[in-house]
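The structure's right below; bear with me while I get my questions together.
Per-chain numbering from 1; labels A, B and C assigned in written order.
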Amino acid sequence: MASRFKKIRLSTKGFADVIDITAEVRGFIDEVDESDGLLTVMVPGATGAVTTIEYESGLVNDFKKLLEELIPQDGYYEHNERWGDGNGFSHLRASLLGPSLTIPFKSNRPLLGTWQQVVFCDFDNRRREREIVLSVVF
Amino acid sequence: MASRFKKIRLSTKGFADVIDITAEVRGFIDEVDESDGLLTVMVPGATGAVTTIEYESGLVNDFKKLLEELIPQDGYYEHNERWGDGNGFSHLRASLLGPSLTIPFKSNRPLLGTWQQVVFCDFDNRRREREIVLSVVF
Amino acid sequence: MASRFKKIRLSTKGFADVIDITAEVRGFIDEVDESDGLLTVMVPGATGAVTTIEYESGLVNDFKKLLEELIPQDGYYEHNERWGDGNGFSHLRASLLGPSLTIPFKSNRPLLGTWQQVVFCDFDNRRREREIVLSVVF
């Protein structure tokens, strides 16, 4: 058995920036030396998350609106009182969705649906340079 | 190290159909040739999700009601405007819960609690024939 | 390839008790004999969950408040009618967040952000003695 890692760098806009990273996931799985195994996508950071979605702009807008309804940006958060960075909403959205996603791959392809894309969500309240970790075991 | 896969087929009713797949998970883990490792359950598709729940009908109803409150079927969704298939709510529920779940197994048994079942949730707005992927690495 | 397991025991207060288990995660990864792989944290039980958060008391309070807003303790739940244990809200919170989290590790360190802690959330409505499973494959 072995594991392989890759870091991908993303320039994000924050405020629920939803970025399709499916091509990076497919590319990484295609280049590993074993054909079958598990891939984990991990966000090292407490204001980002990973999930899957049908990546079309209408639905992405619906997703942003849902998060604003569940966890409004201008709500009252103790975190903001203490740290003054105003990103309490970012943290809560990230903790609710979760920072990692695990996907099996077979014959060097992730077992995703046709209309299912892997997305990184940057919930922070400013532009960020992010590093996302792709890790496989096989 | 090695990995093994199995696809299970399910006929679902949609509209937050919550289906107990614990027996299939236990059966698959029981038949693999190594006793210890990690299992991932994956939904290839953007309107389904996997989680665990105490599978009794009262709680399953509560879970459906919660999802209807958080993400109502008849809400306004841009996705519906564009695609006309009326399943914007299905997609959002799936993205919020997530498409995969990873469970360690030991001595050929998943490390679940006594009252904890693995469930596939079909959030789509019609009957579907689904394939769910079970994958283990060890 | 191989897998290793460790159980950690926690005395919890319930009612969304959010417990930082990052030190236990780091300690376990540090002691395994391979440097790189995947770690899964698993809650065997249907009223607990795992996620990551910046573990400072303001944000932890915000997180508890969010869960109370989304899934109130004193809401009406069929589960409570049937079982009389009053923890319908606990189950729903656990199913929404999910019982497991997978984190890659490299050079015997989990790939977490500096301000990102791994937390076990006990949503039950009473004190509990809990066993959480840490599992690695490499």
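Going forward, a residue touches a chain if its C-beta (ideal position, glycine included) is under 8 Å from a C-beta of that chain, and two chains touch if they have at least 3 such contacts.
Values in this document were obtained by computation on a predicted structure and should not be read as measured data.
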item	value
Interface sides of chain A and chain C: same vs different residues, half threshold	different
Inter-copy rotation, chain B to chain C, in degrees (Cα atoms; steps of 5)	120
Distance from chain C to chain A - Cα centre to Cα centre, in angstrom	20
Numbers and ranges of chain A residues touching at least 2 other chains	1-2, 38, 70, 96, 98, 102, 137
Of all residues in chain C, those that touch chain A in their complex	1-2, 36-38, 51-54, 56-59, 61-63, 66, 70, 96-98, 101-104, 106, 111-113, 115-117, 137-138
Interfacial residue positions of chain C with respect to chain B in the complex	1-3, 5, 38, 40, 42-46, 70-71, 77-79, 81-83, 88, 91-92, 94-96, 98-100, 102, 133, 135, 137
